[in-house]
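Worksheet: one structure, shown below.
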Amino acid sequence: MLDNLPLLVFGAHPDDIEFGCGGVVASEARADRPVHMIVCSRGEAGTMGTPEIREAESRNAATILGANLEFIDLDGDAHLRSSAENAISLAGAIRRIRPGLVIAPSLSENQHPDHSQLGRLVRDAARLARYGGISELRPLPPHSIKSLFYYALSPEAEPRDLSAILYDVSDEETLGKWLAAMEAHSSQVRAKPYVEMQLTRARLRGLSAGIGHAIALFPADPIVIDRLEPVAAGGRCF
Amino acid sequence: MLDNLPLLVFGAHPDDIEFGCGGVVASEARADRPVHMIVCSRGEAGTMGTPEIREAESRNAATILGANLEFIDLDGDAHLRSSAENAISLAGAIRRIRPGLVIAPSLSENQHPDHSQLGRLVRDAARLARYGGISELRPLPPHSIKSLFYYALSPEAEPRDLSAILYDVSDEETLGKWLAAMEAHSSQVRAKPYVEMQLTRARLRGLSAGIGHAIALFPADPIVIDRLEPVAAGGRCF
Amino acid sequence: MLDNLPLLVFGAHPDDIEFGCGGVVASEARADRPVHMIVCSRGEAGTMGTPEIREAESRNAATILGANLEFIDLDGDAHLRSSAENAISLAGAIRRIRPGLVIAPSLSENQHPDHSQLGRLVRDAARLARYGGISELRPLPPHSIKSLFYYALSPEAEPRDLSAILYDVSDEETLGKWLAAMEAHSSQVRAKPYVEMQLTRARLRGLSAGIGHAIALFPADPIVIDRLEPVAAGGRCF
Amino acid sequence: MLDNLPLLVFGAHPDDIEFGCGGVVASEARADRPVHMIVCSRGEAGTMGTPEIREAESRNAATILGANLEFIDLDGDAHLRSSAENAISLAGAIRRIRPGLVIAPSLSENQHPDHSQLGRLVRDAARLARYGGISELRPLPPHSIKSLFYYALSPEAEPRDLSAILYDVSDEETLGKWLAAMEAHSSQVRAKPYVEMQLTRARLRGLSAGIGHAIALFPADPIVIDRLEPVAAGGRCF
Amino acid sequence: MLDNLPLLVFGAHPDDIEFGCGGVVASEARADRPVHMIVCSRGEAGTMGTPEIREAESRNAATILGANLEFIDLDGDAHLRSSAENAISLAGAIRRIRPGLVIAPSLSENQHPDHSQLGRLVRDAARLARYGGISELRPLPPHSIKSLFYYALSPEAEPRDLSAILYDVSDEETLGKWLAAMEAHSSQVRAKPYVEMQLTRARLRGLSAGIGHAIALFPADPIVIDRLEPVAAGGRCF
Amino acid sequence: MLDNLPLLVFGAHPDDIEFGCGGVVASEARADRPVHMIVCSRGEAGTMGTPEIREAESRNAATILGANLEFIDLDGDAHLRSSAENAISLAGAIRRIRPGLVIAPSLSENQHPDHSQLGRLVRDAARLARYGGISELRPLPPHSIKSLFYYALSPEAEPRDLSAILYDVSDEETLGKWLAAMEAHSSQVRAKPYVEMQLTRARLRGLSAGIGHAIALFPADPIVIDRLEPVAAGGRCF
């Protein structure tokens, strides 16, 4: 169904995509799907690293993952808000890139406020991209994505009202690229055990499912199937 | 992953499978998957039809759907309870049939009590089938299913805490077989607009997803994938 | 309790009220309650129809339903946000119209962003209308509504945390007016099966309740009664 | 809709109905509706009072409230379980009394286990009473109630997933009868501040709604209306 | 763990802290913890009292409670919105006061809109206070609080998704100070039974826990312990 | 409040307590609190190990943890059901041991059915232990515990409706004893990575809280405090 439509992934800060779902990006890119990453700040409000350093780390990580990288500055790090203007701006990006699938940070609020604000913006943008009369978006033709998934940057950010889908990232090369992409953000990984946090989460999901490592994604809407085969593997081992 | 492992579907009464997920059964059977249906009463507590009539209607419906049919009498219609004995009995059936996927009625309680009692029994049975030391189950070797899905016999029975997966049953032949299998329960469909109820539900799901008709299934555990492609179709059209 | 206080219904776009709860409007108006509809954009971001066409369709639909219609332009279609200014503006309308009951779109977010933004605005406006010191609202005297209900434009927009109340719209004339009011939005109904969607929803609710068609409303606060009689009809037929 | 069909209320212990919803019983009885109370144990597992004393207290309270009282012994106090036999037994009572409305303890589990077990039994009984083929229930003809409501014996027992309806019991005579009926259980009210607990709950609900005292009921299924008037009073004062 | 770090409490209006958690403030201050209260409007949109009167009432109440009081004007009463600017402004206050624990109004939305907007602002501010690169906050050094708790101004405002912790305010002097602090807002308590409302809530919580009066707090994040002793008292008496 | 009242912990199978909350047991025992463990089967339905082997492993683990161990056989492994008889039997144990705090498996159902059945039994038993008139429990005098906590044997078993409390088990000796107690179940740990599963869970909780390892407990009822100090450490590091 996706044919070779691009995968579009959003992050609020230079390292969010890598930490939250970098293994998914690596795996899809390895399967020759075009992956486009949009980062909405330079991380300028963080404690460590300058905007220049962080942008460079992002570009390095994108190369490792095999994805394109684009910065779209909105309100600035720690200032992001879910305004109509921002939603329309991201809808323009969706019309331009015309992805089949979009991945955004989850809407759970009790963490860095930029994360859930961006999740809301992307959710709204995916919808606004379909409406033909929005003047700011002309002349880009409307575009309907196939599906929207959320990723979570910490256990607390996992949606409570959506069932998880586990993406298996146990493949050695995929896992290696994910790890390398996280460590490419060297200004950050020195400050806190971010990498251990994400690998522990992925290992716990993997153990639960009887596999190696897995990243949870949360579909915003019901998935449509016409055979049980593709969804037949259930992740409960204990 | 399923290869050609059978699909095993449970119903508390002779018409539950047909009304709740008959279109899924028809579609899987058409794709040459062996489908085995287990019905746990003869419907003897219902207002309409004798046990003999209802059994005959079930056999007729099974033929239409292309599935095997087996009756396993437990406590009797309107008397079903989630006892350890019943769970072990159904675990024995799972070990015997060795399905890849199991479908059971949902656990939502505010409807015919047999439905949620059977859902609990099947959920527990799928787990007990794995444990090697249960003496009643010897000498059948342990068996692990791949995944457990729930179906709902009415909108109120749809689980509130699990995300739906929509199974597209719009194909003309699939839809025709589903309709015929429901109408095979002629003692029942004269009493209430059961068929209209299920077709209306399926059409509403289909409209929401931009397709024809769809049946919602609810996976008991996270689904494991290693590519986004199979889960890329999202069911939101409005 | 309501005596003949008006019913005030809000919509974000010219067709929202008609599709979401047009049958309720028709029924209340037929019972000689004054019904006032406020629409907060001209639908100018939609794919089909011009603002002029859509306003005309709305006026036509209002006539069919027997309701007054007023446009209050806020931020524009696809641009609506839950600002204090907008909430106070709608509070002013509430003070002016002095309704007993208010109906607004639900707060569920995963759909057109304007819908939930307007729901929040109306909820806040109903509260702000009571406070005497808001300078922008002078000299309109404060007003307390009796109750606030939400309607949902799609199944996904139905609140998960509020119990539904089913409004029976099976009466032939009521149903006819509802259908005619939806079809009055002819620029829209050509684009998607909006009418079938709403009638299918209403029929499913009606089937569940053992009646013809019904529209679900969701009260924002507990309902107060002093006899069981008026709430004695429960909507469970299957 | 109810005409003069009886109201049937269930309690697990001799004082449950009085403490949980005695004011509702008093009010309905004062409006000349026949009220039938069924108590399913003699309170023999409680710390205070003998079965004989407690039965006498119940009969006294029933007289005060203006309701009939019947004891149906099931498994005994502190031994009640949701078996099919018990559900069918209570279904028989429903067929015999043929109520329009039924009130039962809520299903919330974290309290005296008999309460939620009885709630489940009544919920199932109300459904089984409709099915024509249950041999134990012959020759009593099937009966469909109009609606099922739950009451809660403590704040923790209030259902989280159902919206409350507030029954106004502020009328002086109603409140007086409720108070007297609670105090009729003199063996119990000496042990703990049960009466203060219930009056405090009712006053808090009343304050929230801008009235005197109110008892929350929780409808098991959606309420069906055909005018907004009867549900127009919303209980939010602060 | 807290040593003698200050407690910081936020209110949207001059009386919110006193009504919502004044007993907690009184108790902590009596135990010699520095308590700092920040009020974000002068209550100028309320029906009763001028900004000058309300500020004076607040100062009086703060003296009674033994707490410091500071006004930080944001968008004005009834105009408060959860903007990045406001969150950063409050983050600055957190960096300046450097509290161990912060208490804020809950996020539940169906009440005065300022309450939940402020709750969101404080939650985000507590997080932003930690990030070193936010230019508006320089040169105040980053600060991490130990924990964030929410209070609720009415039963409807209590979070549904967080477990309550009950703070025992039964001590006579604590209760007396709380009562006096509420009554210090004499312009308000004449208008509605606010004091009775809060004492009824606290008495109901107290009765449930087998103590006198208690105020519920809701921790935003899991509490960390290293012995069970401090959390061993469970609040269930009925 | 607990003085030196014992801690009583329940497990359905010989290794449940150790895997689910062994670190809590070790820590409390090290602080000289008497800890009593009750195991309700010999694990005879498991795939690995005989009842004799498993009992010996349990006794070994109990010695490592510093706790007493008692077996109370109920319905047998994989046969446990929440009957009144079993609840009363466990209530008798509570009256005999007279604990201050009780820890039981969580009520979440989608795992080994014995776990949630036992959770329900213990919850009910803690309540029944208080009621003076239960004849089977005489002459043991009634006993009220202070608080009931749940533990979860897997991430899926963590209650969704109760907030977690994190018990820090990072202390080297505590962690070592926990690990040794898990590995004492050598018949089990050879079969699946149970130990890695639990350590990964505890490390993830620890990372989230900025400490080493932590075990989540879930209080059945609100905790009562009279100072904020003991609950001031909040577990959010990212």
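Should a chain be cited, it is by its letter among A, B, C, D, E and F, assigned in written order, with residues numbered from 1 in that chain.
Throughout what follows, a contact is a pair of C-beta atoms (placed from the backbone, for glycine too) under 8 Å apart; a residue touches a chain by one contact, two chains touch by 3 or more.
Because the structure is predicted, anything quoted here is derived from the model rather than measured.
Participant: Note down the smallest number of touching-chain steps it takes to go from subunit A to subunit D.
Facilitator: 2
Participant: From subunit B, how many touching-chain steps at minimum until you land on subunit F?
Facilitator: 1
Participant: Can you work out the rotation angle that lays subunit B over subunit D using Cα coordinates, in steps of 5 degrees?
Facilitator: 120
Participant: Do the two copies subunit E and subunit F share over half of their interface residue numbers, or under half; same or different?
Facilitator: Same residues, largely: of all residue numbers at this interface, over half are found in both copies.
Participant: Averaging only over C-alpha atoms, locate the centres of subunit D and subunit E and give their separation in whole Å.
Facilitator: 38
Participant: Quick one: report the Å distance separating subunit A from subunit C, using the average Cα coordinate of each chain.
Facilitator: Computed from C-alpha means, the inter-chain centre distance equals 36 Å.
Participant: Taking each residue of subunit F in turn, which ones touch at least two of the other chains?
Facilitator: 110-111, 156, 160-161, 208, 220-221, 236
Participant: Could you list each pair of chains that touch one another?
Facilitator: According to the stated criterion, the contacting chain pairs are A-B, A-C, A-E, A-F, B-C, B-D, B-F, C-D, C-E, D-E, D-F, E-F.
Participant: Which of the residues in subunit B come into contact with subunit A in the complex?
Facilitator: 1-2, 7, 24, 27-28, 31, 33, 100-101, 145-149, 161-168, 171, 208-209, 211, 214, 216, 219-236
Participant: Given the complex with subunit A, which residues does subunit C contribute to the contact?
Facilitator: Interface residues on subunit C, with respect to subunit A: 43-48, 75, 77-81, 109-113, 156, 160.
Participant: Which subunit D residues qualify as touching subunit E in the complex?
Facilitator: Checking each residue of subunit D against subunit E gives 110-111, 153-156, 160, 192-194, 196-197, 200-201, 203-204, 207-208, 236-238.
Participant: Which bits of subunit F are touching subunit D when the two form their complex?
Facilitator: Contacts found on subunit F: 83-84, 87-88, 107, 120, 123-124, 127-128, 130-134, 142, 161, 220-221.
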